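Next come two complexes, and both contain subunit A; in the first it sits with subunit B, in the second with subunit C.
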Partner chain A sequence: MNDTFGTYHPIINFIYFCTVILLGMFIMHPIFLCTAIIGAFTYSVFLNGKKAVRFNLIFLLPMMVLVSIINPLFNHRGMTILFYFRDNPITMESIVYGIFTGIMFAVIILWFSCYNEVMTSDKFIYLFGKIIPALSLIFSMVLRFIPRFKEQLKIVYNAQKCIGRDISSGTFLERMYYGIKIFSIMITWSLENSIETADSMRSRGYGLRGRTSFSIYRFDSRDTVVSVVLIMLIILVISGILLGENSIIFFPLIKTSHITIISVIVFIAYFLICFLPIILNMIEIYILKRNKKSGDLDVSVYNK
Partner chain B sequence: MQRKSGKVNVNKCDNKSKFINTRSLLSIFLYLICMPATILLGIYLLDDRKYYIVSMLIICYAMIPFYVLFEKRKPKTREIIVISVLIVIGVCGRAVFFMTPQFKPVIAIVIISGACLGGHVGFLVGSMTGFISNFLFGQGPWTPWQMFAFGIVGLFAGLIFHKGFLTPNKIFLCIYGAFATFFIFGGIVDIWTILMFTPSPNVETAILVYSAALVFNLIHTVSTVFFLFIFAKPMIEKIERVKLKYGLIDTI
Partner chain C sequence: MSVFIINNFNFTYPLNEAFALRDVNLTIDDGQFITICGKSGCGKTTLLRNLKSVLAPHGEKSGEILFYGRPLAEVEQRQQASKIGYVLQNPDNQIVTDKVWHELAFGLESLGYDTKTIRLRIAEMASFFGIQNWFMKNVKELSGGQKQLLNLAAIMAMQPDVLILDEPTSQLDPISAVDFLETIKKINTQLGTTIIITEHRLEEVLPMSDRTIVMDKGEIIIDDTPKAASEKLAKMNHPMFLAMPTPIQVYADVINEEYSVADSIKFNKLKCPITVKEGRNWLSNVFEDKILKIKALEKSEIKPHEKIKPVIKIKDVWFKYDKNEPDVIKDLTMEVFPGQLYCIVGGNGTGKTTALSLISGINIPYRGKIIIKGKNSNQYKIKELFKGIFGVLPQNPQSLFVEKTVRLDLLEILHKSKNDEGEYLPLKEKEERVNEIADLLEIEDLLEMHPYDLSGGEQQRAALGKVLLLDPEILLLDEPTKGMDNFFKQKFALILKKLLEKNVTIIIVSHDIEFCAKYGDQCSLFFNGNIITTNTPDKFFSGNSFYTTAANRMSRHIFKNVVTIKDVVYLCKENLVK
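So, the complex of A and B:
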């Protein structure tokens, strides 16, 4: 399924992921945590489909359990002692704390898995090309060189095979010797070849004043609306954090702040942030469906 | 001819002092103002996750001056390209050995680049290899730590071997490689594990994590020494040859 959020301007994607990852790193309030993990999980499944579910079950769940177990074993604070493990008290507070830390860990990993799908390397170069030109040039050169390196490796490998240096036959030492030989040839080739690239770029005027760079992203009205909404939500949530609306104290006793009107508003704002990509996708699907229906009608009218 | 070269040198010196000024101003701002501010903010504002967020921000601050210096220096195209080729070798090295966990040639390549081209280039090659290879392997909260750890290994390699404290021969490189992989890289990256697993780190957790990571760090160390032992001499020769042939000595 196509992701609508990924088609928005890269700066919105980048700010969005910075926000959710940073907020996800330190909000420990159970309601916020649940919102974040449901939002991140839904979006990652939306983006990756079956792959995400498999990854979550195989990798993330055991990690969460591990984090949850490790915490109470080494953290003996808290009032409610449940039992003793090798003369060390295991408290209920530290168990709850461990579970929450595990969920938080999962939230961050899930957001990063979405980030990897949405923030592709070309978007990254687009965003940082102006601020860090030399480094982003390195970045894009590397991405270009990797497939070229691979192609050349095939050529060198076949040429070496022709003169009897075949990696797939011979004793272990011989194979290793041939492998190293090929690697050595590759390094020489890439260093020499790269200098040619550099000279070619220079003679075409790289780095001169007034040169424009290629970009396919445009900041349109749709982006303006989403960015204004996003910034307002971020301000709401951050001011809520500063007011202490999401605070939770684990030790010595678990204690959360009282639910007030303000905390409900902050919670709704956080909910909207976490579900923003999903909401945008839903709106897009709805609009598409409606247009399709009216489009059908139009066609039928036209046919008559 | 002589006059011309003299003029060039003067210009270079001027530029150099300017770079140093910008860099030192920025470094002072980052190290003396931003870092303490972040730590204080962390102590007073964030209660539970302070260690994690503060340490991540500090690692990012520590990397910024290197990048800013590189941008300010207005590097020549040739220099940029040579650096990117070294990064490509690192990234491909990491990708080729994807089957064997921890058995990677990345640190060996970073050390060789640092030793041949100086600490700054070593840092750039290391941190950018960490960053770009994570586009293939997946970015995560570990990215800044990996970038910083690879970068620092390259930086020290440059300071030790390029400045001339030790000659970059096979034995010294292998000894440094073993030390750097086990203590510097392993040490820094495992801090991430500790902070990620427990929000309130203590000595017991640290011992647990470090002992759990011991085997992985040992494999990594062995692989670095292995690759340095095999590739150090030919790779250094190749880089020196390119430096000489295309006149990169002055620029880097």
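So, the complex of A and C:
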């Protein structure tokens, strides 16, 4: 799926995920929690399609259930005792707390899965390159080196097998002997080839004074708009947290703060944050569709 | 204005008495396309590397090299980095970063350009080279040809005045190689960049170049236009002549004979052909209004093998790497008889290498049978297959080496090998066998060197030595002539012939049509996971119209069944001599 949010400037992507993950860890209020999980779930399905649905069903759901079961077994606080399990009281509060913690875990994991999809290695490298330029080149070189090394290892392994040096069969000593041989030649290989890479780098002026760091990312006007909106929403939600508008107490009795106008505003702000990527995508899909329709119309008029 | 002026330049490597370069005098003018050729080890690379200070090898030098009239050593590094572009042999090693766009920007970053300028320059270069479609890709997804093109584009982004290329296509398949050389030509004609290139694919590069320089033992022996240079080479009877394009070789061989006066006058009027097209015209002119005495050569059929059993028999074999991937080998059936040199040719990615891996048992088909010496291949133990039956030379010969020197590497293969009585071989006998092989492959001088320090062709030979020490009955060679120069190819063919006489079966997978045509017993064309046709090289290549030798392409409008240079020359002489 083509994700619009991923095409925004990496710094916005990064701040966004930091925000939703941190907020997700601290807010336990049921309405907020529901918003977060629906937002995160929709976005992860939007990004990964079928794969995400499968992952959520196989891994996330059992984990949530597990956490909700384990908590009441060890946590016996709370006033409303439902029954006794091996002489231990099982309370309603701890069950609810367990369920909520389970959902919170799921939210964090979902956001991380979205983060993985959106924050590709170049974006990460770019952000860190801004802080330490030399580091971004090293990252980039390492990312080039690792797959090459793996590939060469496979080639050497097969070539050695073809001359009767097979690591997968034979006595332990033989296998050790061949394994060490391959390991040592891989080291030689990396060093030897890096000489030519170094030649290629120096030949293209590496080591001259005043190296700059190029990136394909640009902070354009839509980035400005989105970042202003995002920061305003974040301020609203954080001040809401500080005012205790979305607090919830589980023990000894479950108690949430009263619904006020401010809490509604904070909720809307949180909703907008959680659904920001989806909203941006929806806007784009809508515009594209509208344009296409009007385009079709034009063509049909033209055809007549 | 001359880009480079080289005056009396001498160079010796440390701890080495012989001159690597001797009395080199060369003037390279702006906008020229210069091809440097010569046997491997003749000093081509040493010369090229001396043209850029950061790449110049350590050693003793005398004489001077001027870059736009200034001594090269005095030209600042910054200017050299951007103005002298240098493309190396190995496409993979030159790439520094993991993304195509980052690689394009690398040089410009080093030179300290701002983001705006870099953006413009790489956009320009990406469009010029047609890279825009894979601009955002990861480097590991590219093919070898694309990688080398990327290296070239990354250097061109720095807007060099002169582009130096050291055998840039030696690691590429023929089609990507031609693409790459076309791009070089385009750079030369459209941007006016001076090109200095060393190449062994002279068929493609000579017609493009303005000047050809032939080197031998560190000296420049010829410096002339391609036509004149090849004529001179022919006159000198220099071994380098064998590397020249087919039409030149045919021309030189044919005019060497005594002919009637009328014919001689005609020959003097006609110019030496370089391309296949010129070769065709030349032949047409020579045989204009002449009645041919012999038009076609007698060709041998595949000998019927009624009594002999095939040593390898593949029947209805299917293979794919993964369940969700497409089939690589589709319903392959083939037979190879003992003592045969069986050549498999075909384009990239048609499954040739995979077919080899199936024969050797590295990969296992999901349908069909492979019978080796009358026994199903999956009934063998891996040890049996690779100790005595198969010798496999992989595409990348480097992957066979595991030791510090070639000698140790060759000895290593005999580690724990037994003689006929089942005893471990004594060291002395091992050394004898190593020396024997080294002698056969002419690598005695290289025995004490690190295998990674050898050139491509030398590595190929040393690796072959390792494989031969296993005494295989069936030899599987994947692109054995890659990186070999033409003289060694001949020797290599002789080595193979000796093995064939000992009833060793050899299967070659190759892009080298000329080699297969000259030496193969049978040729098969691989396409889309299957063998399309199999025949003797003569029949095979004279039947194809595109996938055939240059000799056939240049002469087929006049002669029939012609495959090699020798054939064309023979027919020409037969028809012309009184």
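In this text, the second predicted complex is superposed on the first by the 245 of 304 C-alpha atoms of A that agree within 3 Å, B and C clash if a C-alpha of one lies under 4 Å from a C-alpha of the other, contacts with A are read in each partner's own complex, and residues count from 1 in each chain.
By our rule, contacts are C-beta pairs under 8 Å (C-beta built on N, C-alpha and C of every residue); 3 or more make two chains touch, one makes a residue touch a chain.
Being a predicted model, the structure only gives us computed values, none of them experimental.
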Subunit B versus subunit C as contact partner of A:N116, first or second or both or neither: first
Which of subunit B and subunit C A:I287 touches, first, second, both or neither: neither
Contacts of A:Y206 with subunit B and subunit C, given as first, second, both or neither: both
Touched partner set for A:I132, first subunit B, second subunit C, both or neither: first
Partner chain in contact with A:T197 - subunit B first, subunit C second, else both or neither: both
Touched partner set for A:Q152, first subunit B, second subunit C, both or neither: second
Partner chain in contact with A:V225 - subunit B first, subunit C second, else both or neither: neither
Touching partner for A:L57 - first (subunit B), second (subunit C), both, neither: neither
Subunit B versus subunit C as contact partner of A:I163, first or second or both or neither: second
Doubly contacted subunit A residues - partners subunit C and subunit B: 121, 137, 141, 143, 184, 188, 192, 197, 199, 201-202, 206-207
Contact set on subunit B toward subunit A in their complex: 46-49, 52-53, 67, 70-71, 74-78, 80-85, 87-89, 91-92, 95, 124, 128, 132, 135, 138-141, 196-200, 202, 204-205, 208, 230-231, 234-235, 238-239, 242, 246
Residues on subunit A engaged by subunit C in the complex (per definition of touch): 121-122, 137, 140-141, 143-144, 147-148, 151-152, 155-156, 158-164, 166, 169-170, 181-182, 184-185, 188-189, 192-193, 196-197, 199-216
Of subunit A, residues touching subunit B in the complex: 21-22, 25-26, 28, 66-67, 70-71, 74-75, 97, 101, 104-105, 108-109, 112-113, 115-116, 121, 132-135, 137-139, 141-143, 145-146, 149-150, 180, 183-184, 187-188, 190-192, 194-195, 197-199, 201-202, 206-207, 247, 249-250
Subunit C residues touching subunit A - in the complex, by the definition given at the top: 52, 54-55, 77-78, 81-82, 86, 88, 90, 92-99, 101-102, 105-115, 118-119, 139-140, 151, 154-155, 158, 357, 360, 362, 381-383, 386-387, 390-392, 394, 396, 398-402, 412-413, 452, 466-467, 470
